[in-house]
Structures are given as C-alpha cells and as structure tokens.
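Letters A, B and C mark the chains in the order given here, with residues in each chain numbered from 1 onward.
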C-alpha cells in the first residue's frame, strides 16, 4: 500500500481542474495566414475556463463544454477599385463675374487601397479528453492532464462574428474615403463577400487549433524534497522525499482522482 | 466503496508513511529525543536542557538524562504479531519506543572505596515502552490544521513490584506525551500537497491508516 | 474629410487665371516648397498672349494638364498661344500627385496659385461630408463656411438625382475683404468655385490647417 493516498471526487476534481485552467494563464502566438485571397499577419491569445469535469477510469479526465477564450488581431489591405466602379465627376460649368463662363474638366476618382485593422475576441466551447501524466521534471513532481488528440472546435459562429467585425471595421475606414458616400454600403458588402465565411474559417482554424493541440493543464506540482514543517528557530525544517507518485482514476461507487505517494525520510 | 465517501476529498496516511514522517521529524530535530541536566549533557549531541531535581541535603540536586529512540506507530489493526502489551482496538494506535534513563549517582562518604567519595557516576537503564492512544486534530482555518497524538495508557514490560511499574508508567506517559506534543503533522503534508482539505470528518484510524475526510 | 487648400493643388482642384495684357508669360510648376525658388531655364512653360482684334469674339478657356515625368512636373501643352482676355485653367488627372503650385510672371505681372490675385479662380470638389471653415492663410482677413451634406441614395432614382447635382457648381465671389456668400450648403461630390474678383495674394485654406485659426 502506498504511504499516502489523496483522493478527490468529481466535485473536488472540478475545482482542481478549473484552478489549473486559471493557472495556465493566457497563451500567445503570432504568425501569418490567408484571409480569403489576402495575406495577413496576425497575433492571438487564448485562455481556458470552466467546463464540466467527468472522471473516467483508468486515467481520463473529460472536460465537456469548456470555454476557449480567444483574442485575435490582424489587418489586411484591400484595393477598393476591385469592388467599386470607375467613377468620374462630370464637367462643371458656371458663369464667372469677370469672364463669362469657366468649366472644370471631368475628374475621375481614384479609389485607394485601404488597410483594415481587426481586433476581435470571443469564446468557443470545446470538449476533450485528457490523460493523467504523473512525472518527475527536474526536481519537481508534476501531475499533468494532457489532451488526447486534437479537439474539434466549433469555429463557425466565431467566423461569422469576425466577418461581421470586418464589415464594421471596413465601414469605419471607408467613411474617410472621399466620394465613397453613395457607394459605402455596397463597398462594405463587397469586401465581406470577397472574403466570405470560408475565408475567415480558413484563417481562424490554423490560428486557434494549435492552442488546443497538445493542451496541458498542471494539477499538481511539488518538489521532490517536500517540506513537512517549516523552520521554527532554533529548529530547522522537517523534509521528506517524495520517492514515487502515481495518478489514476478509480471507479467504485463513484469516480475519483486518486494520487498515491511513497515517501522516505 | 470510494475513498472520499460522503465528502469530496480524502487523505489517508499508512502507518509506514507516518513512521517515515516521525523519522524525518526526529532526525531533523533530534533535541526532542534527549532531555538532560547540565552535568549529564551528552558530548556533541543535541538535547533539550532540563533543570536538576533539587532536594534538601543533595548539593546541586539530582542530575539526570532521559533519551528516547525514534518512536514508531502501529494503527489498528494490530501489526505487532501479538507482542503488544496494549493491543489496539478500533480507532486506536500504538506508539512504541525505547527509553534510556540515566541518573547521576553521587556518593558523599564511602568508607570502602575512597575513590568513589565525592564523585558522580552516571548509571543507566533502558526500558521498552508501549503506549496506546488516538489521533488528535487542531484546526486553525479551512484547509489549515494539524494531526497529533494523544496517549491514554503506557505499559512497561516486566517491572516489579507492580507499584513501581505504575509509578514509572505514569511518569513516562507524561514525559512521552510532552515529547509527542512537539510532533505535528499538517494537513498539507498528509495530502503531499495535492489539494487543500477543509476537515469535516476524522482523523480516524482504520486499515493501518490515519484517514481524513473533507472538502477541497 | 478631404483637404481644402489652394496653396497646394490636387487632382480634385483647379486653378484658373485670366490674362488680359498681350505679351509673353513664362511659368513653372513645382511643389509648394519649391515655389519660392528663382526661375531657371529648365522646367519653364510659356504662354504667348496675342492682342484680341475688335472682332475677336468671346474669350476662350484653355486647359493645361499637369503631369509628372520622373521627379519633375510637366505642363501639357507646355506652350500656349492665347488671346488677351482668355482664361487658362490648370488641373491634374493624376491622383498620386501630392500637391503642386503654378507660379509665373510676365506680361500683366505675376501670378501664383498658392497666393491668388485678381481675376484668378480656384475650384475644389468636396468628397466627404462635414463643415469646412475656410480662411485666407496669408493675411487671414477673409473667411467662410461650407456645409457639405451627405446624400446616400437608397435607390436608382435617388442615385440618378445625386449624379445630376454633380453637374451643378456653386460660386463664391471674393472682392477685397468681401466674401459672397459667406455660408453655403452643398452635397457631397459637388464643386465650389472661388472667383477672386479683386484681391492680392490670398489663399482658400481649411482653418484647421492654419495655426491659430481653428
């Protein structure tokens, strides 16, 4: 029998896993990708929270409907002449007091290339199995839960929200383009149609998936030389060695996370 | 049956684990094993100083030293193989140790051996001590507390007459309890730091373990 | 909002000058920063002003396009022959020219698009809605307000109506310290003409571009 057995049922394990999600903090990545026909550089951050915890023997922790919180920033440039018609102001003639009549020539409007910056944050539900992994890392004992495979992410709603954000950002940028007025609504619709949901999904998938691939939460970390009592002058600390640690899910009348520890003086 | 039962977290420490903890404690803090008066201070060895027993007519009082070996525990059920004079029952524990009593024996006048006059000669005896008791808990705040030991009876084997045995058992029970009062096992150690434990039930002695139940 | 500043002309602006004195005029096209440099042989363009006979007919308008070749401005055509009383209008079709100035001298005196004199005209097509308070950046005595209203056509009929308004220009006459009218309301896309009947070295500049005039 091991020297120490510590066990937590699913209620306590839920608190443990949620705390581990918080401890993981915010992860950040950056890179470049394709937004429909456009190249874009992006930066993204992600954190995890919540979810229903299910312990499954012999060593699986399942998080159901956990929340994958993300924040994304990217920008792309768009030549408005791709979606707006050639447009010219007509010749304008008016009588001048000292000359009869003066006429301006036809002036053809140049549609510029605009850069649209996007900042968007949201949350995606995810469900994944994690396997328990107790191991020694340097001088510390760790118990991690490591995601099994690559969880499926429901990106569709997020992609739709980002496409709407692109439309809103484009609208704001386009307002500053001279002579755009009558064409504004069509320009915004043209930009979002040009990119499409598929374009956003194509960008979002490769950005968000790496955050969950290999996702690991740490639920236990203690030094191999474990302090039982702190120093209390004139006495030194009292320590023991954690010689071996295992972590499993045991199933009896309820499922429990069971950590077994062997110690030595 | 699950470990946690009606609560959400459980910590169970086997008697071998508790013995490892006791060994770690007394190895780090050996002064709690030896109690001595100035004249009988052990050379280069940690100890706790105690005053002499003063007595009218004994100049300087009675010098003495009490030294324990690192105690070991045995939780219910009895693992002593029948050797325990105080076998444990449900919820009980045995503590076993060896105590060496040393007295500074002083002679003022000795007509037979003149060299012994005015000299103090330490004389010692060692006794096997068995104690039976139960665990205690001191609770400071949710998740913060300590487990200790309460001795209810002490048995020293083969001392006669019985009245002398009773006197020594009483003295050693008081002294050993005082020694064990320094031994505190925090909840954090009993879970090996896995999670906090807001105690709802225990400590209970069962299946060679001390068990605690609570919420995280 | 778009930039209203006669001191530095863009493709949505025009500058026109009437020439009444027969003779020879030479001019240069440069950026605002280079407008103060003396004339040299390079980069000069000419206008020959001939006497208009008694039966010479109405005054004519001559258009010159300003273009960029390499890092120099060119006038197309580089040499003009006109009659006294004719107007010459400069404009560029190139939206990438960040700003230019037409500066010249000769028969009849000096002329300068960045400091408008009598019988000059400056035009500007307004592309963005908003309220534009304009001032003379040189002396600061004259000013006015143009309110540009947005019209976002909801259907084809409204779009046609808006396109028709683009052919209608609006006129502001500057005579000394007098500005008529001082306030004006137009639609996005319409053109305003400032006719400088009598003035010496003024500009039509958005007050936000002039320090202390905001």
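One rule holds in what follows: contacts are C-beta pairs under 8 Å (C-beta built on N, C-alpha and C of every residue); 3 or more make two chains touch, one makes a residue touch a chain.
On a predicted model such as this, the values are computed, not experimentally measured, just so you know.
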In terms of CA centroids, furthest away from chain B sits chain C
Nearest to the mean of all protein Cα atoms is the Cα centre of chain A
Whole-Å gap between the CA centroids of chain B and chain C: 106
Would you mind pulling out the distance in Å between where the CA atoms of chain A average out and where those of chain B do? 57
Chain A contact footprint on chain B (complex, rising order): 1-4, 8-14, 16-17, 20-21, 23-25, 27-29, 31, 184-186, 189-195, 208-209, 215-216
Contact residues on chain C for chain A in the complex? 1-2, 11-12, 14, 16, 18, 58-59, 61, 63, 85, 87, 89, 91, 93, 95-96, 119, 121, 123, 125, 127-129, 150-153, 159, 162-163, 166-171, 173, 188-189, 191, 193, 195, 197
For the complex, which residues does chain A have touching chain B? 1-9, 11-12, 15-16, 220, 222, 226, 228-229, 235-240, 242, 245, 250, 252-254, 256, 258-259, 261, 263-265
Can you list the chain A residues touching chain C in their complex? 89-105, 107-110, 176-182, 184-185
